[in-house]
């Protein structure tokens, strides 16, 4: 019977010497959830994963993985979790096959007994199974590292920035694989710096500088965005941005590709007036439309609050 | 692959009409490592004042091409003219007129902010008073004056990136090459960084940038996408999205990659 | 030119801000100077000798006194019979033995000539040579002093070298070489293997797996045990066949001791890897902290007895020193376990010490 709370963290604090890597965070992850940690470098994502996989001891706080204490019962945790560290630690001078076989064996499993778990992923690299891991592309290394983390049928997966440095196609395929694994009942914790990947998780925690700014479903976070947003397009982004920053009544102006997101307090938004203002300033072809916030808008807003 | 003709509605993001003067001319660039062809007959031009995005998956040949343009590696064959100088015969002149910044390395961790500025100013031949003037204005603009004597390893990542860019610009190069400059920073810092890029382009500096973030490719005037050593697409982001029937550059990329 | 200047200034900053570089630039020369200054000495003092004096007359006592007051020698034992000579050398108690013939003074009076034997321990041929020369010198001086008074006399010293009649240098080198090479291979290779795993990041994965730290350590070390052992055998075979270095004692004992030494070096390598984080540092520590002392302070080339007492104390903490003694004892002197059990026990102690310390220090976590 699976523990309904797969991971439980209370008041976790971690220091590296004088640096505060994790600053008093608390959260729970339910069994079978696909949970994302979104944040830039230095947010504390890697440190957090190292604490949960029992590689680091926290300075303060109580953390439990599948009911086991990370400090005292590390041995049990190491048996039931699968870990994919940043930069996919693989043995570059061993072949694909040899890597997989090694990681299976040290967990007391065989490739055969758990093959269906990794089949969908492994078939994509199987034609290269005799190639040394060092000679694989980023996307293939990623798939191999995931297979190695899964081969002993873990109950819970920790994936630290598995999509960093990987091309867009492989990234999409990777998230599809994760969703299938989650549907199969594995709890998955993923960290990523890419804001757009937040939408693929069941719930996300937005992290910055060792703190969690917000935890909720992606939809929930967007719903909680307290301001009204307009997307403004006028051909030349940079001068447009400079104008909009000056626009009275606007809270923030941020570039998003070819348009600028302009946020207002709810009720104060006046697209027509804005259009007149911009035409007057010399931007004849102006496109203004109200939009819902993206995770990135929410993240930036939360950053400025903290 | 393409030579896009200048149509009247292509203006810079800064509001100036892009000069039709080409500042980078590449014709049939080939780079081989043994039997492996990293760059396969690349042909393109970059205009003065343009923000040119150079995209592609890892291993597609982006880094190789950028290193050749900077004069770090010799091409196997092909014509290259960078900042008005021929890469084969006037390599030193090329280097004096370009700036370079990469994600992997930009500044020395064990030197202070000011020492880094002074060092790079020195090796680009700036005079002492030039260096102190530019250092002062640079640090004020980036709000780093209080960190003047701090070691680089002790300042946050976001500040480091912005400082590295400014240092690359210190000697007023004609072109600045940026190799994945915004990896891992938070979204606000990333936008501040791009504001610096816009300003530089507004001032007439050509910016040649590679990036993994597809939404950043939309900040560029034109974008080229490399696949397997060749340029698979080169155009403005709007035209590419139209051509591939995609709503984002991410989709353009995926359609291109899947199509091969 | 100014660009060049800016670059040079930067380089100075890097150097002064990295304590490791400073250590190498200033620390190492100082240490090396001290070491070499004190260790390399061709002068020998306080060499332990044995004297067999069946005559016990004025002349022999005078000569003995002169020898013992020269400052070069210390009397370790007065031998009672010829049979004891062999043992004195075998147990390593003395480096030189002086044997007077019976009725020395009388012979000198009657025939004008007396004989004495000077026997050196040539398992260290350089030292033996020097000591013998000292004795010859002292005897010559004595002769000069007495001959100026009376009729010319002669004392003929007959030299004999034990264990290495031809004073072949290679006899001395092989044990030292073995100690050094095996130490280098085992300690260096092991420390590199473990730190490489740390640098690659795969160590994280191993730690998170059910593998016990003990399994990881022993697993890392296992291949090197075999390979180093094969190396030891190769060295011995080459020394014996090509250079004719004898193996007078038990071969299996020799191999057994080599195996023990290899285990000791491996444990040391593991210990080094637990305190270093990068392969570069591991390599430097292995080379500087192991190689140099092994060559200088183990009695490999320079005899321990001549060093100032501080350095001698260091020597006693050097495992290679004991191994070299054991090898020489077995190979050149043909001794058995009974003679070397003392050193063997010490090596065993070192091995256990390093092993236990490594296991304690081996982090089951990253920090």
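A few notes on this one:
A, B and C label the chains in the order they appear, each numbered from 1.
Quick note on the criterion: a contact is a pair of C-beta atoms (placed from the backbone, for glycine too) under 8 Å apart; a residue touches a chain by one contact, two chains touch by 3 or more.
Just so it is clear, the model here is predicted, and its values are computed rather than measured.
When every chain is reduced to the mean of its CA atoms, the largest separation from subunit A belongs to C. Counting contacting C-beta pairs between every two chains, the top pair is A-B. The distance from the centre of subunit A to the centre of subunit B, with each centre set as the mean of the Cα atoms, comes to 28 Å. Centroid to centroid, with C-alpha atoms defining each point, subunit B and subunit C lie 61 Å apart.
Those residues of subunit A whose C-beta lies close enough to touch subunit B in the complex are 39-42, 137-139, 164-169, 172, 193, 195-196, 208, 235-239, 241, 254-258, 296, 299-300, 303-304.
Residues 16, 50, 53-57, 74-75, 78-79, 81, 83, 85-87, 89-92, 103, 106-108, 148 of subunit A are the ones that touch subunit C when the two sit in their complex.
Those residues of subunit B whose C-beta lies close enough to touch subunit C in the complex are 108, 110-111, 115, 118-119, 121-125. Here subunit B touches subunit A in the complex through residues 9, 11-15, 57-59, 156-157, 183-189, 191, 194-195, 198, 202, 212, 214-215, 218-219, 237-238, 248-250, 253-254, 257-258, going by the rule given at the top.
Residues 2-3, 5-7, 9-10, 13-14, 17-18 of subunit C are the ones touching subunit B in the complex.
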